[in-house]
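To keep things simple, chains are lettered A, B, C, D and E as they appear, and every chain counts its residues starting from 1.
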Amino acid sequence: MCPTDVGPPDFKTMLPDVIKKNYGKWKYHEILKPGVMKHVAESGDELYTVRAGSPKLVSTDFIRDLCNVADKYCDGHLRFTSRYNPEFLTPKKENVEPIIKELNKLGLPVGGTGSGPGACLSNVIHTQGWIHCHGAASDASGIVKALMDELYDYFVGKKTLPAKTRLSLACCLNMCGAIHASDVAVVGMHTRIPNIDHEKMRAMCEIPTVAASCPTKAIRRHPDPNIKSVVVDETKCMYCGNCFTVCPAMPLANAEGDGVAIFVGGKVSNARKPPMFSRVVVPHLPNNPPRWPEVVNTVKHIFEVYADNARMGERMGEWIQRVGWERFFKLTDLPFPVQLIDDFELARDTFRSTTQFKWT
Amino acid sequence: MCPTDVGPPDFKTMLPDVIKKNYGKWKYHEILKPGVMKHVAESGDELYTVRAGSPKLVSTDFIRDLCNVADKYCDGHLRFTSRYNPEFLTPKKENVEPIIKELNKLGLPVGGTGSGPGACLSNVIHTQGWIHCHGAASDASGIVKALMDELYDYFVGKKTLPAKTRLSLACCLNMCGAIHASDVAVVGMHTRIPNIDHEKMRAMCEIPTVAASCPTKAIRRHPDPNIKSVVVDETKCMYCGNCFTVCPAMPLANAEGDGVAIFVGGKVSNARKPPMFSRVVVPHLPNNPPRWPEVVNTVKHIFEVYADNARMGERMGEWIQRVGWERFFKLTDLPFPVQLIDDFELARDTFRSTTQFKWT
Amino acid sequence: MEDKTPMVDELEKGPWPSYVKELKRAAKKHDSVKDLIKVQERSFQRKMTQWKHGGIVGVKGYGGGVIGRYVQNPEEFPNVAAFHTMRVNHPSGWFYDTKALRTICDIWDKHGSGMTNFHGSTGDIILLGCTTEELQPTFDELSEHGFDLGGSGSDLRSPTACVGPGRCEWACFDTLGLIYDITKTYQMELHRPPYPYKTKIKASGCPNDCVAAIARSDFSLIGTWRDNLRIDQNAVKEYADKKFDIQRLVVAKCPTEAIELVKGKLELTHPEDCVRCMHCINLMPKAIRPGVDTGATILVGAKAPIIHGAVLSTVLIPFIKVQPPYTEIKQLWEKIMEWWDENGKTRERLAELIDRMGMPAFLKAIDVEPCPQMVNTPRANPYFFWG
Amino acid sequence: MEDKTPMVDELEKGPWPSYVKELKRAAKKHDSVKDLIKVQERSFQRKMTQWKHGGIVGVKGYGGGVIGRYVQNPEEFPNVAAFHTMRVNHPSGWFYDTKALRTICDIWDKHGSGMTNFHGSTGDIILLGCTTEELQPTFDELSEHGFDLGGSGSDLRSPTACVGPGRCEWACFDTLGLIYDITKTYQMELHRPPYPYKTKIKASGCPNDCVAAIARSDFSLIGTWRDNLRIDQNAVKEYADKKFDIQRLVVAKCPTEAIELVKGKLELTHPEDCVRCMHCINLMPKAIRPGVDTGATILVGAKAPIIHGAVLSTVLIPFIKVQPPYTEIKQLWEKIMEWWDENGKTRERLAELIDRMGMPAFLKAIDVEPCPQMVNTPRANPYFFWG
Amino acid sequence: MSNDEELKQKVIEWFQKHSKEGHTKFYMKDVVHDLCGQYEKRAIQKAMNDCTVDGTLKYWSTGSSTMFCLPENF
């Protein structure tokens, strides 16, 4: 009989010696170059970190590759960041360049650090997409690869950004990854009502539960009492997928209608301005695999406009807050369709109750 | 048969000559001293204005008194401001002092002007109170008199304020006068559920209408079907008076429970910061006629703390926005009861979603 | 019944002009006000209103303009048994000649209590305290002399304007002219309640908003300009010479860093960033003025808290020229009223209807194009419609 | 069935490391991944997911940790007919030794697809693609080697922490220690879904919030300090000497004007105004450090948009000391869970319950005193209860 | 009967039909809504107002909202 509830391994057993020794006694750090940091402890000990980009969706061999590097240069230790990036930690300065070389040999870019002026782009937080999720309105790994190929220079620091920029992607509005507070978020969105499978409905779902799941009350019993199923009111459906979550007979996937929306201007840290939500700036772009050119171009364009216009050290949302959304739309030349105006529960607080605005 | 729908007199027939001549062609103005302004037209013409305080609730003889002054010095013209203050307009500088003298003789203070540093307090916008309204949870004219007796020096400019300060009062939460965006607002508040008169209910009210009027669904039919009336759920009633508005059998007045709440920090103008709502800082003070000492002292205290702490030109709400509400409560030494935390419809947006706050 | 009113009398004292003194002046001529004083004393004693709810009265053919009021104990206070108020519409900007004022006073002393609110908080002349019988005669005499009732009930309430071009150098349009025109055009809507609830219109000549339009009118017009504000450098110099701290008091407080001191000159270095907040103009009226391509921003929806909490008006039309006969503005207002009338529940103000149906639906119904100026931020939630 | 996958192949190109390359590496050993590549190609062609909804699977005695997944056309893609994921809980801070990692890799190559998410966005190791039969053996072997499942379904999800004291000089408490302790203490809640819905705990060592706790955990702990930040003037001088523009980049961006340059020295002139935003510290890590009286702010309620829109956590406890055995923190969390469990509807997260019942009711239930730090502003509406 | 008179008659009939114990006061909207298939909105509004001048209908107001009723239900 196998043990249960053992929990994860104790992290203390996983720490390299230099960290064990200086745990909680770090003094300061420096970013030596993109992807390379030096942390100095009160004791004077130094810790060098090399950060690499990862596709997140990786094979066991990929992990073994990383282990080889760690065995060679880091006494068999490594870690991953809260954005999936593997980090190689060593007290030895002389190991830094060899680590970088090995990583590059494996095809892994080094970079993604920095928050202030001259920051790199970090890796994209993303979700499952068509690789695994039943609800995905867009892919995840594919579109992220297409994006990062174009934004590569921002990760490795060949191009820099005015401040930390978090790009995130979720394949449906459940927003796994909690990407709702990202500088730029790409979100898979359905735009058609559920395509009801009446057969399946009878077999698999409880109609009252299905009806109750809909936040807009768009779901009613089928008018024909012989059909034990439901119908959806097209004018009320906001394609949220709540019904699908509780009932497999109501998929929203639709080759024509599905695509992504772009959200912009969120942040999480409490530095300078409090955390902010990202806001919808493009309500719909089509799914065009494998390279999603409309999405990639739009995101790249937003990056460029931001880099050209924001002040040093200004996060995307801080910049927009300073210049105003009307200026953002002017500078990016993005249209302002009515879908951008909130009509959900807290909509009132997004309306402009002042004559203070810009003409542009 | 008398004419109907004649509408109000054409304002053009009411304008003094100097205004007719320079209508829409003013160039600049100066505030010469509290209550006295000079406007200069493109033509070079000058217009002097003397502003007096009024109790708003006045007799015809009061108006005739004003007319006498206007006849004597202003060619028979005068106006009232959007906050009830009578204004005497004359192109003749030499008339200013005599007008002031006459007004003072009538017992009327001259003042109430200015917005920037060194501003006067204007007159209190207020409502009917126990003089006329059936819904009043507090008085209006009485409490305003008590307040202005204490704040008199601020009106006439013996004491000044960092910026424009609008004090307003409404005798119930209907907030006639739209005082919800005032620097300081005093609002009559019930704190007990309606005292239902079952007899009257039968005679005067329609039960479905009454039940429907309650925003919190606190009203149900009386459990005894013989009693054609309703009951109120104490835990759900927020004393809003909606039921009383549609049904006279549900008065909320209660000698013990009625009183006022103090709201602070609103503004209307778009200058510097956009308009803001006033916020509840004291949820309940008792009705203690005729001088409402608790209310008068609290309001005066808030004025003093504001005057001592805000920067020049900073409205009450702007000051609080800068220093934070936690500092406001510290400086004023007011308690922070749970009633101040929003639990109404847009409450979510008032919560603090950041670690940025002050300890004090 | 005790005739002494010690608590009320207390309020004759003190430096601020006393309404009690006013009551006593009127009481000399009007028995009703004698009773009113006693009613006030009673309220002070009992800490409660002494008035009954509603009770409905009006003048012939009008559905608004009168607030019915009856005292709770008519046997004790017979002279205020019925004590209604009449709302009399004011000339735009509250300008009067003394002849008109005296006429009103005389009529009111003849028919009513001689007590007034000058003015009520919507802006009407409130004639406070009239018996049911005297309502019609009062009205008749008023209307003969060119005065008419204001609004009450489910109608358009008396529109108001700031003094604007009458005296203020900042008026970006003719607030008085517009409001007078609107008042005259919509007499029907003012006097014969056709709507689900009350509705209000107010106009301020510039963003200082001296009638608080943004806080208390369903349809708010606020003056603004499309070109750049004007700066007179000579006058700037005068301010500087007088040791007025332009940097600290003006430049540092510009919300958008649009204006700067450049070598002693005050310059609108970023004209496209100016949000026309008026601050710099307010502080330096001799040196800075609004632009010349003036008009108004139209905002909608302000109201007091009942039922969903107070609302400030929000931008609907960033800029509109305001010129007689104001056709475009009136057509817009009529379209809005039609949508509201059609869809509004009783006692539902415009803002509440917009919240219930959604701003996008509102814009579509009244055929106004969305623009970023309407919002502080686009939506954060992903719940939008394509249907 | 066409074996060519041109669209997927396209994504082998380009500078960013390719997941397709990874798929192809795994496909060499695992037929399931061969099919997975074809499924991905099919999705690209049809612009739709090829996976069926849900299906309930798990390991013995556990209610969470496995996401069941079946392909839509098993006849075409038999090797991914059932293709479940296992969520394996990570060591706090995502620290590993290579031995542990290789062990996982070996187990997964033996029982599963050899594909993983390293890591999933909650923080688990996602073992991506397992048949139903192999779930239990995989788990058994993992747990023998000291690994256990993470959360899924209506349970406590795998708690996460920023690297904190492991490497970061700003950690105001032991994020890793706390999160490991919590994870171990609440194994029951992690594995046996007892709640109305999922719930999450995350801990960041300072207000930079590197695990985004404020955005994605129902119970968020964020490090802070009660005394003053510490400034080393010698280090300040070094920055200045290197032409680092302290005034423009640091002082001017302090949100509260708490810090100033005074004659070349950087001084916290208004310590009581510092809101510990970290900005000055972030920009001058050698010169400025947090204070020494450190602890955490506890905030509650963050979540993604389903159903009422996304929510950020809001302040509940402005300051708490964070020291083993963390009793006070755990008791608080338990109280909150109890209230949520008692009152929450199914699929209602904590924030939504707070919104429905009201923050005052929540505070009362968990016996926490209200304080101004909890809100940005007091309420504007007059609708409060005394009952 | 003129068109105007006919419409006024319809309005009164509407009130007689809909007034019952506990429900006697109606908003202008209620009436307009019911009759607007047959008549123009403005005409109905005018007819209702004319009825109040005749005294066949009465305004009833709380001060904040306005309704109509038959004189006997006032």
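In the analysis below, a contact is a pair of C-beta atoms (placed from the backbone, for glycine too) under 8 Å apart; a residue touches a chain by one contact, two chains touch by 3 or more.
What you are looking at is a predicted structure, and each value in this text was computed from that prediction instead of being measured.
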| item | value |
| --- | --- |
| Chains in simultaneous contact with chain C and chain D | A, B |
| Both-way neighbours, i.e. chains that touch chain D and touch chain A | B, C |
| Contact-richer chain pair (by C-beta pairs counted) among B-C and A-C | B-C |
| Between chain D and chain B, distance of the C-alpha-averaged centres to the nearest whole Å | 48 |
| Inter-chain centre distance, chain D versus chain E - centres from mean C-alpha coordinates, in Å | 63 |
| Whole-Å gap between the CA centroids of chain C and chain E | 31 |
| Contacts with two or more other chains, residues of chain B listed in rising order | 173-175, 180, 240, 245, 270, 275, 277, 344-346, 348-349, 353-356 |
| Touching two or more other chains - residues of chain E | 62, 64-65 |
| Overlap residues in chain D, where contacts from two or more other chains coincide | 207, 209, 214, 222, 255, 276-277, 305, 309-310, 312, 380-383 |
| Interfacial residue positions of chain B with respect to chain A in the complex | 270, 274-275, 346, 348-349, 353-356 |
| Interface residues, chain D side, partner chain B - complex | 207, 209, 214, 222, 224, 226, 255, 272-277, 297, 299, 311-315, 318-319, 351, 355, 358-361, 363-364, 370-387 |
| Chain B contact footprint on chain C (complex, rising order) | 7-8, 10-11, 13-23, 25-26, 36, 39-40, 43-44, 46-54, 60-62, 67, 69, 83, 85, 89-102, 104-106, 108-109, 114-119, 121, 123, 128-129, 139-140, 143-144, 146-148, 158, 160, 162-163, 165-169, 171, 174, 176, 180, 183-184, 187-188, 191, 207-212, 214-216, 222, 249, 253, 255, 276-279, 282-283, 285-286, 289, 302-310, 312, 347 |
| Touching residues (chain side chain C, partner chain D) in the complex | 305, 309-310, 380-383 |
| Residues of chain E touching chain C in the complex | 27-29, 45, 49, 52-53, 58-66, 74 |
